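Lettered A, B, C, D, E and F in written order, each chain numbered from 1.
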Amino acid sequence: MTTAVLDTVEAAATIIDTIKTVSAIPVDTLVSATLVNATQAQVESISLTSSNIWMMICTALVFIMNLGFASVESGLARSKNTTNILFKNTITPAIGIIIFSLWGLNLMYPGANYAEKIYGFAGFGLEEPLIDGKLDLSYNSGYTYWTNFLFQAMFAATAATIVSGAVAERIKITSYMIFTFIIIGVIYPIVGMWGWGGGWLNVIGGDLPSFYDFAGSTIVHSVGGWAALAGVIVLGPRIGKYVDGKIIPIPGHSMPLATIGVFLLWLGWFGFNGGSVLSADPARTSLVLATTSLSAAAGAIGALITAYVYLKTLDLSMILNGILGGLVGITAGADLMSPNESILIGLISGSVVVFAVVFFDKIKVDDPVGATSVHLVCGILGTLFVGILGDKGFGGSAEGAGFSQLITQLIGITAVAAFVFPVSYIVFTIISKTVGLRVSAKEEIEGLDIAEHGMKAYNIDMDKEY
Amino acid sequence: MTTAVLDTVEAAATIIDTIKTVSAIPVDTLVSATLVNATQAQVESISLTSSNIWMMICTALVFIMNLGFASVESGLARSKNTTNILFKNTITPAIGIIIFSLWGLNLMYPGANYAEKIYGFAGFGLEEPLIDGKLDLSYNSGYTYWTNFLFQAMFAATAATIVSGAVAERIKITSYMIFTFIIIGVIYPIVGMWGWGGGWLNVIGGDLPSFYDFAGSTIVHSVGGWAALAGVIVLGPRIGKYVDGKIIPIPGHSMPLATIGVFLLWLGWFGFNGGSVLSADPARTSLVLATTSLSAAAGAIGALITAYVYLKTLDLSMILNGILGGLVGITAGADLMSPNESILIGLISGSVVVFAVVFFDKIKVDDPVGATSVHLVCGILGTLFVGILGDKGFGGSAEGAGFSQLITQLIGITAVAAFVFPVSYIVFTIISKTVGLRVSAKEEIEGLDIAEHGMKAYNIDMDKEY
Amino acid sequence: MTTAVLDTVEAAATIIDTIKTVSAIPVDTLVSATLVNATQAQVESISLTSSNIWMMICTALVFIMNLGFASVESGLARSKNTTNILFKNTITPAIGIIIFSLWGLNLMYPGANYAEKIYGFAGFGLEEPLIDGKLDLSYNSGYTYWTNFLFQAMFAATAATIVSGAVAERIKITSYMIFTFIIIGVIYPIVGMWGWGGGWLNVIGGDLPSFYDFAGSTIVHSVGGWAALAGVIVLGPRIGKYVDGKIIPIPGHSMPLATIGVFLLWLGWFGFNGGSVLSADPARTSLVLATTSLSAAAGAIGALITAYVYLKTLDLSMILNGILGGLVGITAGADLMSPNESILIGLISGSVVVFAVVFFDKIKVDDPVGATSVHLVCGILGTLFVGILGDKGFGGSAEGAGFSQLITQLIGITAVAAFVFPVSYIVFTIISKTVGLRVSAKEEIEGLDIAEHGMKAYNIDMDKEY
Amino acid sequence: MKKIEAVIRTSKFLELKESLNKMGIQFFTYSDVKGVGHQATEKAVYRGVQYDLGYIARTKLEIIVSEKVEEVIKCIVDTCKTGELGDGKIFVSNIEECVRIRTGERGVPALQ
Amino acid sequence: MKKIEAVIRTSKFLELKESLNKMGIQFFTYSDVKGVGHQATEKAVYRGVQYDLGYIARTKLEIIVSEKVEEVIKCIVDTCKTGELGDGKIFVSNIEECVRIRTGERGVPALQ
Amino acid sequence: MKKIEAVIRTSKFLELKESLNKMGIQFFTYSDVKGVGHQATEKAVYRGVQYDLGYIARTKLEIIVSEKVEEVIKCIVDTCKTGELGDGKIFVSNIEECVRIRTGERGVPALQ
C-alpha cells in the first residue's frame, strides 16, 4: 500500500511541476488532491483494520465462553457425568459453527428483502470469499464478512450451550445433539432475525419505540433459558433429587472447575458485550466493558448478601451464579447505563438469582447448574431494565427509558417466550416419544460417563495398578 | 463518520469551483484545508481507537490474573480449604471494582490540585458517562475515561489478592473481607497516588530523580507483599506446620491447578506490564512484552538451577514461584531493560525466590503459597534493579540507572514499607482483637470449606451414592 | 505526537500567510504539503500500531498454547506422572524463549545473505533495543522487532512441546530437557529457515512453484511430529501397554484437564494462524480465523462420526484429538481455503486422526496423547491439501493448487522428514547410550512424579491427616 | 458380639441405611471397596480399545451387633437383592471385645 | 494373635501413630472409612438447602498383635478420647494365622 | 470358612489377580489401604523440605474361602514376594456364616 502511495506521489509531483509553469504561487507548499485522497483511503482502511481487530478479539473471547460453560456445568454436576457434559459442550460449538456457515447466518441475517418480517432466508452457504482474487471489504465499515460470520456463529453456540447445563445428568447424548441442531439451526436464528436481522421487533407497531436488546439478554440468554426450561420440564428431575417431598441437594463435584468456568465466562463477556458494539468505537466499547464488569461485581455482592441474610450461608456456588446473573442482567442495556445504574442492576440480578434457584428447587424444576435462574430470569430482568434505567439518547436505537419502552420490552420478551418455549417443548416431547430423551434409571445411577461414553472422567491415583 | 467526510468534500467542491473562476491554476489538483482537517481529525480518532483497543485487551488480561491467583493459591493449599480460597479470590475483584467506582479511583488519581502531596481525594463516584449525550473523549489521547477506570480497578484487585494466598487456610472469611475492603479502599489508592497519581514520590526532593516504578513492583506487588507479611505474622502459622522445632511440609493439593494459575498470571502480565505503557505505542509495548517474557522464562531457569543445586530437587512448585518472581522482578523496569538485562533480572529473581521461600520457612513465617517471597522480595528487588540496570533515556521518566536513582528507589521502597506494613499490622491486630482473625483450631483442622462455607470443594467419585 | 502535528500546523500557517500576499487565490482553502505529509506519517505510524497490536495479541494467544499442551498432555496421561508433564511443559517455553533470544531467531532468520541456502546464521544475541534512544521501527511495516522476536519464540516452544506428550510417562526429565534444547536450538530454526527464513524451499528448482506452508503444518507441526515419532520409537512403549500381543488401554486421568487443554489450543490457534498473516490485514486475518474455526469444528464432527461408525463409541478423547487434527490440517493453507474447503479439510483430518490413533496403537507405537497422529499425520495431510484445494491467487505466495504445487509440497514434506526424523533418532539414541533416556522400570511403575520430582500432583482429601 | 460385613451394590447404600435405621441399627462403619466376582465388570473404551475396569465399585458395611444378627441379615438381603448377578455377599464373624473410646466402656454396653 | 480394629476421628490419627510408636507398635494398616453413629454428621449447605453428609470421615486402623492387647487398647483410648460424642470404637477379634509374604514365616515371628 | 486378608504392594495387584484366577479364585473384594511398617515410606520433597509421606499405598484383598486356604496363601506368597522389605502380610481368621444376597443361600454354597 505504501508503494502505491509513493507511486501516486510521483505522479502528483509531475502535475505540480506543470502547475508551477502557469502560476506564480510557490506550489511546493501546495499538495495534490490525489495524495490527500490516497491518505484518506488509507485512513478508511486503517479504521476498518482497527475495528476488525477488536471484533476478532471479541470473537475469540466469545469462543472461550464455551470452555467457561463446559467448566461451570461439569463443576456443578457430579463426577460420574463429567465426560458427558464436556462432550456436549465440545460438540455444541462445533455444530454451531458448521450450521452457521451452511445456513444459520443467512437465516438470521436474510437481508433487506425481509426487513420487518418474521422470517427470511438468503440461501445456503457463505458468500464466495473472493471477488477478483480479493476479499469484498464493502461489507461493513466495522469488520469484514468473515469476522461477522465467526462472531455470529460463536453467539449461536452460546445460546445452545445454555441448555446443556439445565438438562445435564440425565439426557441422552444423541437426543441432546438433535435438539442442539434444532436450536442453532432454526430457533435461535429466527429469534435473532426478529431483533438483530432487521425483523419485526424493530417496528413493533403504533407509536412504540423499537425493541432494544443490546447484546442479547433476551435474544441469546432468554432463548437458551426458555429452551432449557422446556427441556427440564419434559425430562423431569434427576433420580434422588426430590424424595418424599424433600429436596435432596446433589452437590457439584468440583468447585475449582466451576470457578474457572465463571471467570472464563466473565472474561468472555468482555467480547460478548464489547463486540456487540460492532465496532471499536472507543467511547461505547469502553463504557460497555465498565458497565459489564460493574454489574458482574455487584452480582457477586448481591448474591453474597442475599445468601448470607436469607440462607445463612456463604455459598460459593451462589456467588458464582450471582456473577453470571449480573452479567446476563446488564447485557440488554450495557451501552445505556451509568456506573451506578450498572451496580444497581448487578445487585438486583445477583440477589434475584439466589431466590430463583431456591424457587425453582421448590417447584421441583431440577436444573443442576441454575441455567434457568441465570439466563432466563436475569435475561428477562435485564431486558426490562432497559425500559426503566439508562439514557437512551446515547448510541442505542432505543427511545429512552420510559413507559412506552417498557411496553416494547415486554412485547419482545413475550414474543420470544411464546415462540421458543412451546417449540422447544414440542421438540423435546417428539424426541422423547421417538428416539427417547432420557437415559434409563440404571444408566443414570451408574453415570452417563460409563453408560454413554464408556469412559470415566477421572482416574486419579488409581493408576498404580497399571 | 464517512458520510460526514463526504458532506465536507461536497462543500469543499463548491469552494474549489469558486477558486477556479479567480485563478488560472488547474485547481482540481488542489485540495481544501477542510478535507485535510477532516482527515486529520479522523486520524486522531483512529489513533485513540487503536490505543484504546490495546488498553481494553490489557484490562481483560489483568482481569484474568484474578483467576490465575485463585488457581495458584488453591492449588498450593490443601483441598479442605479450596472452596474458601476460591471464595476469597472471587469476591476480591468484585469488591475492588465496586470500591474503585465509588471512591478508589478518585483517591488514587485526585488530580492536579493534589500534585506532589501525600494524600488527595477528588470526590465520590465516577464522572457522569455522558456529556450532551456523548462520552467525553478528551480524557486522554491513549484511552477513554472508562478504560482507565476499569484498568485501574483491575490493578487494585490484584494488589489485594496477593494477601489472600499468604493468609490462606486459617483466616476467617469475614475478617479477610474486612481487610480487603481496607487495602483496596484506603491503603492501595494512597500508595498508588504517591507514585502514579502525581504524588510526592515524583518529587522526592533535592537533586534526586523521581521514583521509577513502571508497572508496580513496589506500588502493587510490594504493597500486597507487606500487607501479606503483616497478616501472616499476626495470624501465626498453620496448625501442624512447625512441630517441635521441625518444619512439616504441607503439600499443595493440586499441581495442575497451580500450573494453570501460573500460566494465566504470565498471560495476565502481558496486560499488566503491556498496559502500563498507557498507549499502544508499538515500540514500547512490544519491548515491554519481550522483557517481561524473557524475565519470566529466566525466572523458571533460575529457580530450576537453584532448586537443583541447593535443594537437590526438581520441585515444580519452585519453578512456578520462579516464574512469578521473574515477572515481579521485571515489572518496575520492564520498559527500560535490554533482553540480556531482562534475562539477568529473571535469573536473579527466580533464584532469590527459592532462597526466600526456604528462609521464610526457617524463621517460621508460614506463607502457604510463597506470596511474600514472590511479591515482596522480588518486588523490592525489581524496584532496585531500576537503579542498577537499564537505559533510562528511553521512554521512562527516570534519569537513568545510577547511584542517585538507586537512592530514590530505596526511598520509595522504604516509604511504602513504612506505611503499608504498620498500617496492615494494626488493622489485622484490631480485627484480631474485635471480630477475631483466625478460625478455631477445630475449624482449621476440619477445613475452612466445611467450617466457613458448609461446602466441600471436591466430591469426586462419591456420587454413586446419590 | 499530537503536539508535533500542531507545531507543524502553526509553521504551515505562516507559510500560507506568505502565499496570500503573492496570489489572489483565497489560500485559506489551500493546505500545505507539510501538513499532509505529517498526516501521512501519522497514518503510517497508526497502521504499524494497529498491526502490531494484532501481532502482540497473537503472540499472547500462541503463548497460552503452552498451557493448552500442558493440560491436554497431563489430562491424557496418568495421575502419577502429572507433575512431571506439567514440569516439562512449563520449562519448555522458558527454554524456548531464552534460546530464541540468544541465537535461535538469528539462526531461523539469518537475513538476505543466506537467501535460498540451507543454513545461515546472523550471530548471537538480539539487536540492541535502542537506536539513538529510540527503537528502530524500520524493521517491518506490520510489527516491531520485539514483537517479531516474541512471536517467533512462542512458535519455537510450540514445536518442542509437541514432543513432550508423545514421550510422556517414561522419559527421564533431564534427557527431555537436553532434547528440548536441541530441537529448539538447532532442528526447528534450521527447518524454519528453509521455509520462512528465505531458505531453499522458496526456490525448490526447475519450474516448480515454491513450497507453501502458511502457518506451519510442516514447519512446526510435522517437525514436532517427526521428533516425537523418533522419541517414541527409541523409548519403546510404556510398561503394561502391550501385554501378550494385546493392547491394554491406559486411560488418561482427567478429562476436564484434557478438554480445557483442547479449548485453549483452539483459542491459541486464533493467534497461531491469525498471526501468521504477519499483519492485521482485515481480509486475510478474518478469513484465516474463519477457515481455522471451521476446520476445527469439522474435525470434531469428523472424529465423532468416524469413532461412532468405526469404533462404536462416543469417545471424548477422540473428539478432542479430532479438533486438534482439524486445526493442524488447515494450518498450511488457512489463508487459501474457502469455507467449504475448510470444512472438508476438517472432516478428513478429524476422521484420519481416529484411524491414525488406532493404527499407531496396532503397530505398537505408544504415544499416550496421540501427538504423532495429530501433529505428524495431519501436518503432512494439511501440507498436501495446499496442492489440491484452495485458490492460490489470494494473498499467498503459492502458484495455485495443482500438480506442480503438489509436487513441491511433497518435496518439502520429504525434505523435512529426511532431516528431522534421522537427526532426532540419532540424538535420542545418543542420549539413551550416554545419560540414559528412560527411567527405571521401578520408577516408571511408581510414577515419575515421586521418582523424578519427589512430589505428588494431587493430594485431594488426604489433608485431614495433617 | 458379631461382626456383620456386607459387600453391596453402591447404588443400594442409601436405601439400606434407611432400612437399617428403621430396624434400630444406627451405628456402623462403611467404606469404598472394589469387588471381583460373578457380575460382569463395567465396560469402558479408551481410544478405540474396549476393556473392562476389572472391578465393580462396591460399598462394604461393617456392623457390630450383640443380638439381632439374623434380623440384620434379613434386612440386608431384603433391601439389596435385585436378583441380578452381583448383588453381593454377607459375612459374619466373631468379635471378642468392644471398647467405646469416649468412655472406656467395654462389651455390649459399649455398643449402645 | 488378635486383630484390634479401631475406628477413630481422622484428626487424631497422627497423634495416635506417635503414641503407638512410642509403645513399640510400628506396624499397622489403616484406611479411610465413613462412620454412621452418635455424633452429628458434618453439616453442609448446597444452593440454599442444608443437608448432612450422612457420615463422618473416619480412619480405621487394623493392628494385629500377639500380645499387649490391653496396652494397645489403653493407648488408643487415652490418645483418641475427647469426651465428645463420636470418639469411635475399638473391636477385638481373633486371628488364626499370619504369614510374612517376604519370607513365608508363619505365626508370631511373622509379626515382628 | 476362612477369611484371608492380604496386604500387598499395589504394584503386584494385577499379577496376583491373574494367579488367583488361574487357581480358581474368582471372587474377592479389595480396597486401597495405607501401610505403616518396615519398608521405608515414599520420600517426597515440598518447597525445599524433604519429608516422608508416612505410609505406603497398599492394596488389601479379602478372600473368603471354604477350602484351599493353604493354596491361596502359597499363591499370594509366590506372586507377591520380591524379597525386599515391605512385601506385606497375610492374616487368616474364621468366618462363621456367609450369605449370598441375590439368593439368600447360606454357607459354603453361597461362596461358589
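Just so we're on the same page, a residue touches a chain if its C-beta (ideal position, glycine included) is under 8 Å from a C-beta of that chain, and two chains touch if they have at least 3 such contacts.
This one's a predicted model, so the numbers in the text were calculated from it and none came from an experiment.
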If you tally C-beta contacts across A-E and across C-F, the winner is A-E
What angle of turn lays chain B on top of chain C when you fit their CA atoms, given in steps of 5 degrees? 120
If you average the CA atoms of chain A and of chain C, how many Å lie between those two points? 29
How many angstrom lie between the CA centroids of chain C and chain E, rounded to a whole number? 55
Would you mind listing the residues of chain A that make contact with two or more other chains? 23, 25, 30-31, 36, 39, 43, 46, 50, 53, 57, 240, 248, 250-252, 254, 260, 313, 315, 317, 445-446, 453-456, 458, 460-461, 464, 466
Chain E touches at least 2 other chains through residues 11, 14, 31, 44-46, 93-94
Residue set of chain D touching chain A in the complex reads 11, 14, 42-46, 50, 53
Touching residues on chain C, where the partner in the complex is chain D: 247-252, 307, 311, 313, 315, 317-318, 354, 357-358, 361, 370
With touch defined as at the start, can you tell me which chain F residues reach chain E in the complex? 2, 6-8, 31-38, 54-55, 58, 60, 73, 76-77, 80-94
Taking the touch rule as given, give the residues of chain E at its contact with chain A in the complex, in rising order. 44-49, 51
For the complex, which residues does chain B have touching chain E? 240, 445-446, 450, 453-456
